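In this document, chain identifiers A, B and C correspond to the written order of the chains, with residue numbering beginning at 1 in each.
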Amino acid sequence: MKTKEKSLAVGIGAAAILSVFLIWYFAASYTKVSLFFPTPQKVFSRFAESLSVPIGKYTLQMHVLYSLKRVFVGFGLSSVTGIILGVAMGYSKTVNAIVRPIFNIIRPIPGLAWIPLAILWFGIGETTKYFIIFMGGFANIVLNSYDGTNKVDQTLVGAAELLGANKFQIFVNIILPSATPYIFAGLQVSLSTSWMAVLAAEMISSYEGAGWIINMGMNTGDTVLILVGMISIAIIGFALANIMRVLERRLCSWTVRGK
Amino acid sequence: MDEKRVKVEVKELTKAFGDLLVLDNISFDVYDGEFLCIVGPTGCGKTTFLNSLTKVYDINKGSIQVDGEDIHPKKHNLAYIFQEYSTMEWLNIQENVEFGLKAKKFPPDKLKERSDYVIRMVGLDKYRNYYPSQLSASMLQRVVIARAFAIEPDLLLMDEPYGQLDLTLKYKLEDELLKMWKEIRTTVLFITHNIEEAVYLSDRIIVLTNKPTHIKTEIINDLPRPRKVSDPEFVALRNQVTDLIKWW
Amino acid sequence: MDGKGKVTVRCKDLCKTFYAKNRKQDEVNEVIRNLNLEVKENEFLVLFGPGQCGKTTILNLLAGLVDATGGEIEVNGKKVDGPSCDRGMVYQTTALFPWMSVMKNVSFGPRMQGVKKEEWKKRAQYYIDLVGLTGFEDSYPVKLSGGMQQRVGIARAYCNNPDVIFMDEPFGHLDAQTRYLMEEEIEKICSKEKRTVVFVTNNVEEAIYLADRIVVLTEMPASVKKEYIIGLPRPRDYTSEAFLALREEITQCVEGNVAEEEVQG
C-alpha cells in the first residue's frame, strides 16, 4: 500500500512539472507572452550550449563553480564561528549574558542590508562577498546551536555525572550529540540563505558567477540568459539541500524510529 | 445480565498489514449495559484491535454492528477514553462536558441540567469553572469520564485509561467508574493489560492470544460487587486469567 | 538481608525545601523533613509512599544530584557532596543516551573512567547478557521497547559497579504485564549480583515482591512513617495469603495519609 502511494505521488509530481512546461511552451509559442518570455526549447538549447561556449569569461559550469566556492567559504566561516559561538552561549551562562544583548541587536538586520557597508569596508573584491554570505547565514546557526545546547536533557547530564564522566567528557559525549539535530536544522536554513546571499552579492559586483549571469541577461535584455541562470541556480540549490538531508540522516540516525 | 440483548456485534474482524496478519477472525458480542474487559499479552495487537474496531483502519474482512447497523461515528453515540486526557485547554470544566453534548445535538434547554448532573456524579462540582491546566491528572481523568457518560453513549471504549496513574488513585478512580456505570448503565468495552483491573471491573473477560490475535477464551465474571482483591475467589479468578496469558 | 549489618547508606535529619519565585510571591515548598534512613549492605530497600511525596527528590539527594537544605548523607562512610560513580541510578524515564548503541550505553561508565577497551567490552557484554539483551548490542535505544530500554538502564548502572544503586520507579511507565516480567527479572539479577539497592515505587505489589525491607513515607513533607521487614520466601507469589495480607496492611497504612488532591493555581 505504501509503495503504491509513493509511486502515485511521484507520478502526480511528474505530471505537474510536465504540464508547467507544456503551458510554458504553448504560451511562449502562440500567445503574446512570447514578447517577453522565450520558449523552453530556446532556453534549454542555450543552457546546453553554455556548457561549452563561454558567457563572458567562463562557461556556465565555471560560473556555477565560482558561486559555489563563494558559498562554501562564506557558509563554512559562518557555520564554524556560528556553532562555536552558539554552543558557547548555550553552555555558559556568562558567555550568553555578554553576547546575547549584542547579538539581539544585530540579529534582526537582514544579511543583504550589510552590502553597502561591506563594499565601503572591503571594496568590491571577494572579501565583500564572503562577508555578505557570512552575515546571511550566521544568526540562524548561532540561534539553533544555542537552542540545542541549552535544551540538553539535564537528566542525561546527571546520569553521565553519576557514571563518572567529567565536565569535558559530558560536553563531548552528551551535550554536543544532543545539540547536533538542532545545529543541523540551523545549517540547512543557513545554507539556503547563503545561496541567496551569493546571488545578491554577485549581482552587485562581480565578473563571474550565477548571479552575474542573471544580471548580465538583464543588462543586455537577454531573457534567455536570465532563465539559463535561474535554472542553474535551481539545480544547484536543490542538490545542496539534498546533500544536507543525506548528511543529517547519517549523523542523526539515532533520532529515527523503525528498522 | 438479566436480559441479554446484543448491543454490539463484532463478526469475523480481520486485519492484516501487508503479509502480517494481526487480527485473525475475531467475533464477539457485547451485551446491552455490560462491562466487558478485553485482556491480552503485551504486543497482542491491542492498538490495532481498537483502531479497527473504531474503523480508523480499513479492515480486511468482517463487520462491526451496533444495534444491528454498521458502526458509524455519526449515527451512533460512541465515546472514547484513552490514557491521554483529551480535554480542551481553552474551555473550563463545565464547557468541556457541554462540548460533547452539543456535538451530539443535545437539546439546549437541558444542557445545563445534564452537565451539572454528571459533574456532580464525579465530585467536581466545586471545580466546574476551573480550566484543565489547573487540575491534577486524576481530576482530569474524572472530567473525561463525566464527558463520556454525559452523552449516554451506545458504547464507551476505554483503552487502558489508568495505565500510568498512581496506584492508590487508580483504585479510587476505578471505584468511581463503577459507580457511574451502575447509575447510567452504559455499555463499556474496557481494554487493559492489567489482569487485576480486569477482574475487578468486568462482568465478562475476553482473553486474546498473541499475534495473529484471536480470541482464546471468554470468562464470565460474576463475583459479587463490591469486590475485594484479597478475597480467595478473586485471587482464584485472577490466577486463572493470568495462567491463560502469562507470556513472561 | 545480610546478617553482618554493615551500613552502606546513612542519612541523618535530611531536609529539603525548594524555594521558587512565582510572580510576585515567593513559593516555599518543603519536600522532606528530618528523614532518617539506614541502608545495610546488600539490602534491597523499597521506599514506598503516596503519589507526589518527594520520593524522587530523596533519591536525587542521596545520589548527590541535588543539594540538601539540611542534614547529612554518607555512603560507605564518605560524605555525599555532588554526584560520583560510587552511586548508580536507574531512571523512570530510562535516561539512556539516544545517540549511543546499547553497548556504548552500558559501557559508558567504565569508558569515561579510562578502562581499557578489551576490559570494558567484556564487562559490558557480561551485563548485557545478564539482563537478557544478547544480540541487541548495536541497537539504538529508540528501536527498543520500553521494557528492553529499562534493561539497558539497569545494565548500565550495574556495569559501573557502584556501592549502591538507586532505582526511581523504573517500571512506572511499563504496562502491567511487562512490569511483572521486569520484577521477576530484577529479582533474578539481584540474586545473582548482590548489590545494595534503594528502590522507589508507588506500587504496593511491586514493593512487597522485591523488598527486604519497606520504608513507608508520609505525605509531603516526607519522613519515615513506618517500616516493614519482609521475610516472605523468594520468589514471592503475588496471590499467596501472606502476600495479600501484607498488601492490605501496607495499603491501609498509606491510605491513612492520602489526602484529597488539591487544585493548583
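Remarks
Here is the rule we go by: a residue touches a chain if its C-beta (ideal position, glycine included) is under 8 Å from a C-beta of that chain, and two chains touch if they have at least 3 such contacts.
Per UniProt, the chains are B = Sulfonate transport system ATP-binding protein.
Because the structure is predicted, anything quoted here is derived from the model rather than measured.
The chains that touch both subunit A and subunit C are none; no such chain exists.
The greatest centre-to-centre distance from subunit A, using averaged C-alpha positions, is reached by B. In whole angstrom, the spacing between the mean C-alpha positions of subunit A and subunit C is 48. The geometric centre of subunit B is 33 Å away from that of subunit C, both derived from CA atoms. If each chain is reduced to the centroid of its CA atoms, subunit A and subunit B end up 51 Å from each other.
Put simply, subunit C touches subunit B in their complex at residues 50-51, 172-173, 175-178, 180-181, 184, 202-204, 239, 244-245, 247-248, 251, 254-255, 258, 261-265.
Across the complex, subunit C meets subunit A through its residues 60, 63-65, 82-85, 87-89, 91, 93, 95, 97-100, 108-109, 112-113, 140-143, 156, 160. The touching residues of subunit A, counted against subunit C in their complex, run 153, 155-156, 158-166, 169, 173-174, 177-178, 180, 253-258. The touching residues of subunit B, when paired with subunit C in their complex, are 41-42, 127, 130, 133-136, 138-139, 160, 163-164, 166-169, 192-197, 229-230, 235, 238-239, 245, 247-248.
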